[in-house]
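In the two assemblies presented below, subunit A is common to both, partnered first by subunit B and then by subunit C.
The block that comes next holds the complex of A and B.
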């Protein structure tokens, strides 16, 4: 961990739609190993990434069970990022846009994320050494 | 300047790809052209055009934390 370095990442893609989700989570993983504070601002569909009700599923086409399928969920990946932060001593501040959450009914989350607004993103950017904004396309 | 290729962008960096020469030209002009090693492995790309360097995503984070650096996601 690099003492004093703060990184802010804004993400907007919903889960299970594009490769960008995995790339963004890999960036956050790498950041937690380098930075002291990593702020994630989840906007628009990205707020669904932390929904607690996500469940892995079997694959009836292939005939595989839930266990065999090992279907990943973004909520588990993000829970893993919070666990990593505890290990490295970094702070992961995951902010879900509140209005985006309300629109999608995505308020029931795993432990860790908090509700916020674009103002929180703006404040985090002011304190950051680096900013990565990953827009939808 | 660094051009960091992720996801499907790495496909064009493959040796012999029709547009790979453009990346090589950028490298010759002094732009660091980097391809995400994870994305390369996912797509079985093991040979890159000249001037393109594979690297972990941690390098992208290091660059983002470098003073006077701006990240533009395209």
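The block that comes next holds the complex of A and C.
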């Protein structure tokens, strides 16, 4: 079976609210491990996944400190994906929809993601072997 | 490249956004040269009802200045030569009168969806 080299993924869910987040990031991770070119178009709430100001926290129910809890943040997971791409020679182009960024105040991001628009999504689709749209509900 | 966008979720954040973000996205793609078509399914078929009025919402003195006019957005897509389909059974199940729908909406039976999908290079369900 021939595996395509270009994948575009569109995501919409904000962090910490849906099972689609981990699913989407796992698909992206798998593609990057195969040294593919992956374009992510983060639309609507998904633009918040790369916000630099995300902070881990303690867990008073479990009685853990911040350090003990090691609470994941989506910004760190996505930073991990960028690092993975560098390691494997893959390419990750993470595009946050600009208008969605503006209305959510999500403009301060980690290094790596860029601001874009539906035009960028369409341009990536045209170059892709596969496109996955993971909607929100 | 022929793209079919299936819109199933209805009225999600339409007041905050003052439109439906998926109809908006597809209109933006169309403006950038994409050959898109829309299929309204489930509750989203209600977008096709003419004369919807979401005006008047206010929180304290903060009023929604430009409430969504989703029927008009559909009409604009149709005017831009975007084919807009709606699942016939979903319209019937919601008792939407045929003469209440935006002109130019094409009804598609559920049984006809697989064959219709075959005409497209990309099928995205939002």
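As a working rule, the second predicted complex is superposed on the first by the 132 of 137 C-alpha atoms of A that agree within 3 Å, B and C clash if a C-alpha of one lies under 4 Å from a C-alpha of the other, contacts with A are read in each partner's own complex, and residues count from 1 in each chain.
The criterion applied here is as follows: a residue touches a chain if its C-beta (ideal position, glycine included) is under 8 Å from a C-beta of that chain, and two chains touch if they have at least 3 such contacts.
For clarity, every value in this text was computed on a predicted model and none was experimentally measured.
Student: Scan A:71 for contacts with subunit B and subunit C and give back first, second, both or neither.
Tutor: neither
Student: Considering only touches as defined above, state whether A:118 meets subunit B (first), subunit C (second), both or neither.
Tutor: Touch partner of A:118: subunit C, not subunit B.
Student: Which chain makes contact with more of the residues of subunit A, subunit B or else subunit C?
Tutor: Of subunit B and subunit C, the partner in contact with more residues of subunit A is B.
Student: Touching A:104, do we find subunit B (first), subunit C (second), both, or neither?
Tutor: It touches nothing on subunit B or subunit C.
Student: Considering only touches as defined above, state whether A:44 meets subunit B (first), subunit C (second), both or neither.
Tutor: A:44 contacts subunit C only, not subunit B.
Student: With both complexes overlaid on chain A, does A:133 touch subunit B (first), subunit C (second), both or neither?
Tutor: A:133 sits against subunit B and subunit C alike.
Student: One more residue to check, A:91. First (subunit B), second (subunit C), both or neither?
Tutor: In the superposition, A:91 touches no partner, neither subunit B nor subunit C.
Student: So subunit A touches subunit B in one structure and subunit C in the other; where do those two contact lists coincide?
Tutor: Common to the two interfaces on subunit A: residues 131, 133, 135.
Student: Residues of subunit A touching subunit C in their complex?
Tutor: 10, 43-44, 117-119, 121-122, 125-126, 131, 133, 135-137
Student: Considering the complex alone, what residue numbers of subunit B touch subunit A?
Tutor: Residue list for subunit B touching subunit A: 6-8, 36, 38, 56-58, 60-62, 64-67, 69, 71, 73.
Student: Tell me, which parts of subunit A touch subunit B in their complex?
Tutor: Within the complex, subunit A touches subunit B at residues 2, 5, 7, 19-20, 23, 26-27, 30-31, 33-35, 129-135.
Student: Show me the residue ranges of subunit C that touch subunit A in the complex, using the header's touch definition.
Tutor: 1, 3, 9, 12-13, 21, 25, 28-29, 32-34, 122, 124-126
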